[in-house]
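So, here come the structures, one by one.
Consider the two complexes below, in which chain A is the common component and chain B and chain C are the respective partners.
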Partner chain A sequence: MHIPDGYLGPITYGSLWAAVIPIWIYASKKVKEILKASQVPLLALSAAFSFVIMMFNVPLPGGTTGHATGATLIAILIGPWPAVIALSIALIVQALIFGDGGITAIGANCFNMGFAGVLVGYGIYKLISNFSRYSSGQISNAGTRNSPLSTCHLIGAGIGAYAGINLAAFLTAVELGIQPLLHTGADGRPLYSPFPLSITIPAIMLEHIFIFGIVEAVVTVTVLLYIKKSHPELIRG
Partner chain B sequence: MGIPDWLKTVTRDELQVVNIKKPRERFLDKTLRHVVSFVEDTMFNERTSSIKGFLQGTEPRIKIVIIFLFIIVLSFQKTVSGIVVFLSLALLLALLSGVLITLLKRLMPAMVFTMLIALPAALNLIVDGEPMVMLHEFEKPHTFYQITIPAHISVTKQGALSALALFLRVMASASLVFLLTLTTPPNRFIKAVSSFVPGAFKSIVSISYRYIFFLTRKVEEFIMGFRARNISLPATRHSSLIGQRWTASRMGLLFSMSIRLSAELERAMEARGYDYNFEVQSERLKVSDISGPDILLIIFSITIIGVMLWTPLM
Partner chain C sequence: MANSKFGKLWIGIAILIILSPVGLILPELLKAGGAWGEWGADEIEKIAGYIPHGLKKLSELWKAPIPDYAFSGWDKGVKSYIGYIFSGIIGAALVIGVSMLIGKIFAGKNGNS
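And then the complex of A and B:
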């Protein structure tokens, strides 16, 4: 899902850079408010963590494997705005040091995965968790289904992760698919990504709906289950 | 002393386990491959950046600005010839820096991947235009959902040019980025990058870069430990579930490690008198930092960028 250099024209990548810079400024302000102390080491380690979990391949039934971005997972663990910063730093380091994703496309990749994916995933998680709380008659005691990471929270986390990565993939598909509409030469040939929306959307979305979305949901839920069991004190969100 | 007979005979069940080991543990192999290529690339960058070449002798901050400008100006190029200028430039710089072969090797996966993506664009299925080579003829056009397959499938002139431009543009951009990492020691590179990042982000970038290596080593140890303790994942229908559980537990463990390390780091910083919102002070670029190769690179780049922006190639 990392868009390399050369696929997006200047209008698209410039607009996404312009969109993501205020998001970073706002996120860093929110982070200062939320994490009063030790924000630097926590954010740095969270960025390193999000970089490293993208290396893990997860097995799926039938022999397929895929890797997750961990966007919703990190948002649940450290909060949505710190997650925006952590994911963005991981994506920038990937682009600069390892050529995973383009330099001009940093804005697009951070917007899709580091912002939209994170906030939508976390938003759905919160919505389902809160819905479960209200539907069961307000806040309950620890140890009941509404305690940190109850079944409803885990379902919310899974659905949020699935929706978050699929939204990020959809945005990627749209950004690539609009290139032939935005940038064409005098002879009508596309100057950047030549594939129209009718091709980019099914090509990218099918693999995310059937493989990577499932991987993301599985990773998010199983990691949260592990943390709930072994380190419950680490859950913030 | 000979090998006992019971060790030489292989039962049918054991053979089955050996045969199925590979696919069931593919996720481990892939993760390990990621980890190894990450460490290898970084080690290799350390080696190539110590070669006495043209770009190795330049100031990293100047090099970063120039390469980024090249990538931006390249993105504005509308003709194949304009893109070729930048690709040739990247290859020339790689040659002068003694990293041409390494660069080509590193480009290989991107080359294959981009070619596979770009090739269909040459067909009239994607980009309509003047037919150059007729590939297949159907009796009538077919429509599947929104995609129409025309009666004549051919390579078009516009499509071929579009595919070629995409391939060359991606290769030129990737070459320029790889040039940066191949000719700058990783620590100096991250320090130079940090100098362009505002406020507390400087320290976040530099600390996270260091801990990426620590956590990556941990992932390698997890896999090696798993391999050392298990001959193979059990040959059951639930082996993917076991693999998922293992992966999730290692990710969870990595997260708890990250939190513990961040707390330790915080205490260490506190003990050394750092404020919570400390910022890494980046050194200002002084005139004395600029050497002969830097001046040469600046003049050369300004000329190329000027020419590419104002000539009819645009």
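And then the complex of A and C:
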């Protein structure tokens, strides 16, 4: 899902840079308000986790590979805006040092994976866990309240993670697929990514819907279960 | 120190880095290529039949120091796995360094509790 340099023409990569800069400014403002000095290591841990988990390429036999991003997981642990910053740092280091994702496409990749994936994944998690709080409201007085990370929270986290990575994948597919419409050379052939939407969307979405989305959900729930045991204070519910 | 509180989680990151070559070995075993749409210009030529002009130009814009998490001459077999681990260490160290710096600036005078 890391778009390399050259796949997006200037209209697309320029727009996504223009979109991501105010997002970074807003996220920085939010993080300045909420981040405590004691939470800084957690921000660094989260960014490092995202960087490392993306090195675990999951193969489709005879086909392509994909990976989890940790976006929803990190948003649950440190909040959505710090997660935007953490993912962006990981994505920028990947682009600059390892050529994983292009320089011109930093805006696109940070928008897709580091913003849209984070906010939607976290939003769905919140929606489902709030619903669980509401529906368990009646029994809450019996004393089972505030157990951090109930089954409903975990289901919300899994569904959020699945939806988040699929949204990021969908945005990637659309950004790639509109290139032949936006830019063609004098000979009529595409100047940048040459594949139309009718190819990019099924190619990218099928593998995320059936495999990588599930990988993301499993990684998210597994790590949450581990942290629930080892560091329950980190889970704010 | 705040860090010791997260000691286990730092160890978790270290374990993931050591295990990261799994992310190279499994795709090799199962004959899976790279991610869809992350091909180099030469691979695009094989798939599409030509290299789009703009794509070629932009793809030469940046030469990453450690392209594809591999050190030159260390791109096959066991050496590539060791290189992958080193890339993981270098990348994680950079990511941690930058986040700590940005985090400290942002956290500023915010309370410590």
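Note that the second predicted complex is superposed on the first by the 208 of 237 C-alpha atoms of A that agree within 3 Å, B and C clash if a C-alpha of one lies under 4 Å from a C-alpha of the other, contacts with A are read in each partner's own complex, and residues count from 1 in each chain.
Here, a residue touches a chain if its C-beta (ideal position, glycine included) is under 8 Å from a C-beta of that chain, and two chains touch if they have at least 3 such contacts.
Worth saying up front: this structure is predicted, and the values here are computed from it rather than measured.
**Q** I'd like to know which partner A:V218 touches here: chain B for first, chain C for second, both or neither.
**A** first
**Q** Touching A:D100 in the superposition: chain B (first), chain C (second), both, neither?
**A** The answer is second: A:D100 touches chain C but not chain B.
**Q** Applying the document's definition of touch, where does A:G188 land relative to chain B and chain C: first, second, both, or neither?
**A** first
**Q** Figure out whether A:I3 sits in contact with chain B (first) or chain C (second), or with both, or with neither.
**A** Touch status of A:I3: second partner only.
**Q** Between chain B (first) and chain C (second), which, if any, makes contact with A:S198: first, second, both or neither?
**A** It touches chain B, and chain C stays clear.
**Q** On chain A, what residues does chain B touch that chain C touches as well?
**A** 4-7, 9, 28, 32, 36-49, 51-53, 55-63, 65, 85, 89-90, 93, 95-99, 102-104, 185, 189-195, 226-227, 230-231
**Q** Mind pulling up the chain A residues that touch chain B in the complex?
**A** Listed in rising order, the residues are 4-7, 9-10, 13, 28, 32, 36-49, 51-53, 55-63, 65, 70, 77, 85, 89-90, 92-93, 95-99, 102-104, 185, 187-196, 198-199, 218-219, 222-223, 225-227, 230-231, 234.
**Q** Which part of chain C faces chain A closely enough to touch in the complex?
**A** Touching chain A: residues 2-3, 5-6, 8-10, 12-13, 16-17, 19-20, 22-24, 26-27, 29-41, 44, 48, 50, 52-59, 61-69, 84, 87-88, 90-92, 94-96, 98-100, 102-104, 106-108, 110-113 of chain C.
**Q** In the complex of these two chains, what residues of chain B are touching chain A?
**A** Going by the criterion above, the answer is residues 23-24, 26-28, 30-31, 34-35, 38, 41-42, 68, 71-72, 75-76, 78, 106, 110, 114, 118, 121, 126-129, 145-147, 157-159, 161-163, 165-166, 169-170, 172-174, 177-178, 180-181, 186, 189-190, 193, 199-201, 203-205, 207-209, 211-212, 214-216, 219, 239-240, 243-245, 247-256, 258-259, 261-263, 265-266, 269, 276-278.
**Q** For a test of understanding, state which residues of chain A touch chain C in their complex under the given definition.
**A** Touch residues, chain A against chain C: 1-7, 9, 28, 31-32, 34-49, 51-53, 55-67, 85-86, 89-90, 93-100, 102-104, 172, 176, 183, 185, 189-195, 200, 203-204, 207, 226-227, 230-231.
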